[in-house]
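Heads up, the next two complexes both have chain A, just with different partners, chain B and then chain C.
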Partner chain A sequence: MTTTSRRQFLQGAAAGAAVLSLPQLTFAQSAGVFRIGALNPITGSGSTFGTGMLKAIQAAADVVNAAGGAAGIKFEVISEDTQTSPQAGVLAAKKLLDVNKVQAVFGTWSSGVSLAVVPLTNDANVILMNTSGAPALSVPPANAKGLSFRFQATNDRFGRAFAEVCVKEGFKRPATMAFNNASGIGNADGFKKAWEGKGGKVVAGVVYEPNQTSYRSELQKVLDANPDVIVTGSYLQDTTIIMREWYQSGIPVKWILPGWAGSPDLVKAVTAPVVEGVISVDSVSNSGAESYKLYDAAYQKAMGKPGSSNVYAAMTWDMVITLALAIQSAGKTDTDSIKAHIRAVANPPGEEVFSYEAGLAALKAGKKINYQGASSALDFDEYGDVTPDFGVSFIEGGAINQKYVVKI
Partner chain B sequence: MSNFPQLIANGLVQGLFIAMAALAITLAFSIARFPNAATGDVMTAGAYTGLATQSATGSLILAGIVAIFTGAAISLAADRLVFRKLAGRAVVASLVASIGVAFVIRAVLGVTFGLSQLVYDIPLTRAKLYWGVRLTPLDLQVAGAVALALALVFGILHLTPIGRQMRAVADDRDLARVSGVRPERVMLALWMISGGVAGLAGMMLGIKTVVEPELGWSMLLPAFTAAILGGIGSPGGAVAAGLLLGVVQEMSTPFVGFNYKLAIAFAALLGVLLWRPSGLFGKREGVR
Partner chain C sequence: MSAYLIAITILTLIYVLLALGLTLQFGLTGLINFGHVGFFAIGAYTSALLTLNGWPVGVGIVAAAVAAMLPALPIGYISLRLRDDYFAIVTLAFSEVVRIVVTNAREWTSGTQGLPGIARLYASLNGAASEWAVLGTILAVTLLAIWMITRIARSPFGRLIQAIRDNEVAVKALGKDPAWFKIQVLAVGAALAGIAGAFYAHYITYIVPDQFVPLVTFYAWMAITLGGASRISGAVVGSAILMVLLEGSRFVHDFLPMISDSAMASVRIGVVGLLLILCIVWRPQGLTGKRGDA
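Let's turn to the complex of A and B:
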């Protein structure tokens, strides 16, 4: 017995690994409805946003159902947690597709998850609407069937926005730090491409692993190159640790963070003096639009926080409205019809509409519409990507103050 | 251009956390004879209850005590409700059950404390240079606390009657029983110590990083690695292997970059197991 203890240990560990992240099963099925799979990052590094994204999907579905549904069909929302992990996301997507027979999947966050889920939705011939940035999601194989629609700016566009900010702020020696996934590296590479396109040079770049207790060695390598600004493709948890360790090192440098990392939660976690002057860049919601006000009110009601605290919830809100308008316009719920009508209801030309009710009325009146979303103007290009504007904010005294907007 | 003393220091600090988690795993394994995958989530529980205590009372010492007791209490409860009922079955049964226990703990923590990250409210201090190596006072405090915890555990194992009984049961359960050792009492003590170590380790990790529901779970793989590397069931081996893993990872980065440092740690594991199949400090039998 004793001589085999390691073997047992390893066998056991292997068996255990196989069952690690099975999502819990629920059974929900009813006829005469359109089933939406809400696949959000309820836990893991996206947990700051996940619950709000789900609530926005549910609230928007309620709006659609209250208006009599889309082409008379009611929406049913079935939710699963991706745990912000590709493995768990795939299992959850399988369950949504195979068990719940959902007809569209909404709200995958983090590129690793979206890239892992998109082959499944393609195979099932189901539309995936995501909030991820990886450039790979635009093109085949991921988007071979054109069924993936992205409501967030691509990482490439983020990189371009970062480069614009560097020019505007007069930085000369940028370095990059990227979380090792498609999004983090996409941000850093997009920045490098845009910056070098402007004739600049990136003095150092590090790609780091998730879930480390410390990033001191990584940070040291970048700081050794004596940069004047560090541009990151990072998430909240790793950024929290990095910002603390940087502050402790006492070496002065400026930071440009993506908005999902440079958030109020970061300020709360590391305290205001640490992140004073840090620049946070995010795609901005369409905050002047009427559609944003509707979303904001619904988010406030569901989460007790302003809609501005969750830019992704505005995107998931728009997913439901866009889908509903496309179904109404198509008059059918098969994937190909929906796909064909998404651009028809979201892109110009057409009467600009800001709410589901208004769009519904215009469609019933036989008009061509152009839905203006809460998250952006929502005009999908040939890859299913949108181009939001970017808000550039400075952290000052613990507040995140938007200073200007960059258009790319 | 690489600053090796700094990398060693960084590695040692990271290794301390792996060492604590590996110690909790190996202690449980030495007597209960299965790898307890709930260890990571017991750590998480320690981190959360410590955090709650610290924000309520402002005392880190009190937080540490609460974290230790939380870990011990959860481990005892898991043993009483689950593991004891599976004793004598295949190792896999207990292991899979322990994963279930891990999920339950994580779910309860998620519902109780929410899913967003939380942090210990400890003022950040600038690092100081010690012989060219940059260390923060917090690093030194964590190292001190870990050393104290290790001294306590080894003191219990080697200097007290219950520790002697634990080692006897680990060596040969039947022989211990006929010699008058009551295994139930030993198991009780064991789960308390293992859980307490995990709870404290979780709190330390929470102070160093951020507190979130997967804090301990993501520590499990390196911790299992260290437990195997050190010789399963060998407390000293687990600690040494944890520190070694941390140092090897960091030292490798100038050569292989930051993305392959985990792979290097596993290559080290392979190498050691080829050379010494029972681990660095494991006896032939693999337990002590």
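Let's turn to the complex of A and C:
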């Protein structure tokens, strides 16, 4: 019995070794191709967005290739699943960098994965473009080489937007409620910092645990401080419960919710009278821009859903276009040249362009361009962060009506 | 290719260290520990916090082992009063308590934001050399652990814990007190998990409570179930098979692009599940076990 199992094991091990040695043959370097590693959360808690992000990368790469490539170089997309887990993300990134020899990594979604992957891309001297919110990604050690570019607003910026809304609406005594995860606490802390920076005071702050059936005691604690508005860093499920329990309490107070919580699904879940007058704040895609329409059409074609259902896919779409324009502008594909040209093609000054074709034509004509993305105007600051605009919507009679846009 | 293989091997060895603890606790002593990840988390956070505050990595790893051993004492004490399945529930609860404490002790652990920028082992060496050095170190520690558990299994102590597994009442009737032996076994397994946690933290360089969910415990359980719970080689073989299954699916995707990534995730879990069922049906003693092993 023992001998058989050992033989079986050896056979298995030999087969495994053979399989592992194969990819070296298949992925030999070929000239004139630039490899993009699409490292998206296909499974795990980011799975709602991951597949759409990947499809947007592929669709944008098709656009670039159809236009003749970037500086004549075609894009090839190789995808891996991060499983929304840092450990799986690290292994996936190692595989992309080491086996597939990708020259850029796009679309890490959760902050945990981005923070775990960024040391690897830095070591490999490869550009990482992410959609995470954690402030730590902006500065060393994570972004020591300036190779990390963030296409999403940081949690800090969300907090600043909330503070702007409070000023504009004339609130004086805000309180915060935050879901206990990086994003929830990031929003609440960002708000606190911004509000205290304006000389205000946050009258109460509560952090609550996920997956409770009731948030009555947390809510009571906040309401006891007699706030005039409650700012949340929350998600749909918990917000639904909180809204119901608050409505039952009958205490008048206003609410400012992030857009992913203050959504049509919330209105459906708790009925319109409960959430009348609630304010919902979200980073707005550049939805009026021509680039957004191009993205929307491509997303519709790939996923059968409107582009507005996945703000992160708009960001990954922009990643490919930005990279392609940077390569075209640099005329080279080494990381340092690309890094130097990303801000040149995305930031002002320059002729505003909304599509790859237009950018390509302008660059060929020797003009300086400023790509306006589908996700935002895409102007990178010194940390590689963008500052999108925030749309402020009010829930009125069950409809979510955007009233104005806050610039921070 | 090599850096990727090194990465897989390093993570496999970390799982081997976890699985070895279970081999000692379950395979040899019969303790059902469903909270292994709790000790792993304590090790990871201890070493991460110490090194982030300026202590050398070596001190961090030793401290991780010690810190993970400490809760084994009270848990071992509880185990005296609880029979197998109740002990399993208590340990599972313990690991969740650890995770929730780490989540909420924000001043120390930054809670759900996680701890980024944990020092790497051999950070002064350049890329490939440092990876090889890390691999060599973890390999050496794993071999040492294997040697130690082999020695334990063959010693009078080892025969006694196996007697506890097979018939605790008989052990008591012979005038031995099983309690102290169980506590020692728990402490040794916990220390191994703590060391594994420290290596994990210094390798991934970023830890967050989400990484220390019960799934990690059950990966280690899958490894010893596949490999053979009562054999030390079982922990090694089982961990290797588990990692090949989990990581191998990435390459299947490169060869069969028509299978989408989301389908692949389901296929991966399905294959692991199927293998576990087949293993229980045809080789309940695991791949390395002898017929008649538990």
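Quick note on the criterion: the second predicted complex is superposed on the first by the 260 of 408 C-alpha atoms of A that agree within 3 Å, B and C clash if a C-alpha of one lies under 4 Å from a C-alpha of the other, contacts with A are read in each partner's own complex, and residues count from 1 in each chain.
In this section, a residue touches a chain if its C-beta (ideal position, glycine included) is under 8 Å from a C-beta of that chain, and two chains touch if they have at least 3 such contacts.
Note that the structure is a prediction, hence the values are computed from the model and not measured.
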So in the superposed three-chain picture, is A:136 touching just chain B, just chain C, both, or none of them (first/second/both/neither)?
second
State whether A:180 touches chain B only (first), chain C only (second), both chains, or neither.
both
In the overlay, answer first, second, both or neither for which of chain B and chain C A:90 touches.
second
Which of chain B and chain C A:42 touches, first, second, both or neither:
both
First (chain B), second (chain C), both or neither: which does A:51 touch?
both
Which residues form the common part of the chain A surface touched by chain B and by chain C?
2, 5, 8-9, 12, 16, 19-20, 42-43, 47, 50-51, 83, 180, 207, 209
Touching residues (chain side chain B, partner chain A) in the complex
1, 3, 6-7, 10, 13-14, 17, 29, 33-35, 37, 91-92, 94-96, 98-99, 110, 115-117, 119, 124-127, 134, 136, 205, 208-210, 212-214, 218, 224, 228, 232-233, 250, 253, 257-259, 261-262, 277-279, 284-287
For chain C, which residues count as touching chain A in their complex?
1-5, 7-8, 11, 100, 103-104, 106, 111-114, 116-117, 120, 127, 204-208, 210-211, 237, 241, 244, 247-248, 250-251, 253-255, 260-262, 264-265, 283, 287-288, 290-291
Touching chain C in the complex: which residues of chain A?
1-2, 5, 8-9, 12, 16, 19-24, 26, 42-43, 47, 50-51, 54, 78-81, 83, 85-87, 90-92, 94-95, 97-99, 111-112, 115-116, 119, 123, 134, 136, 141-142, 180-182, 184-186, 207, 209
Help me check something: in the complex, which residues belonging to chain A touch chain B?
2-3, 5-6, 8-13, 15-16, 19-20, 42-44, 47-48, 50-51, 83, 180, 206-209, 211-214, 216-218, 220-221, 224, 236-237, 240-241, 244, 247-250, 265, 268-271, 274
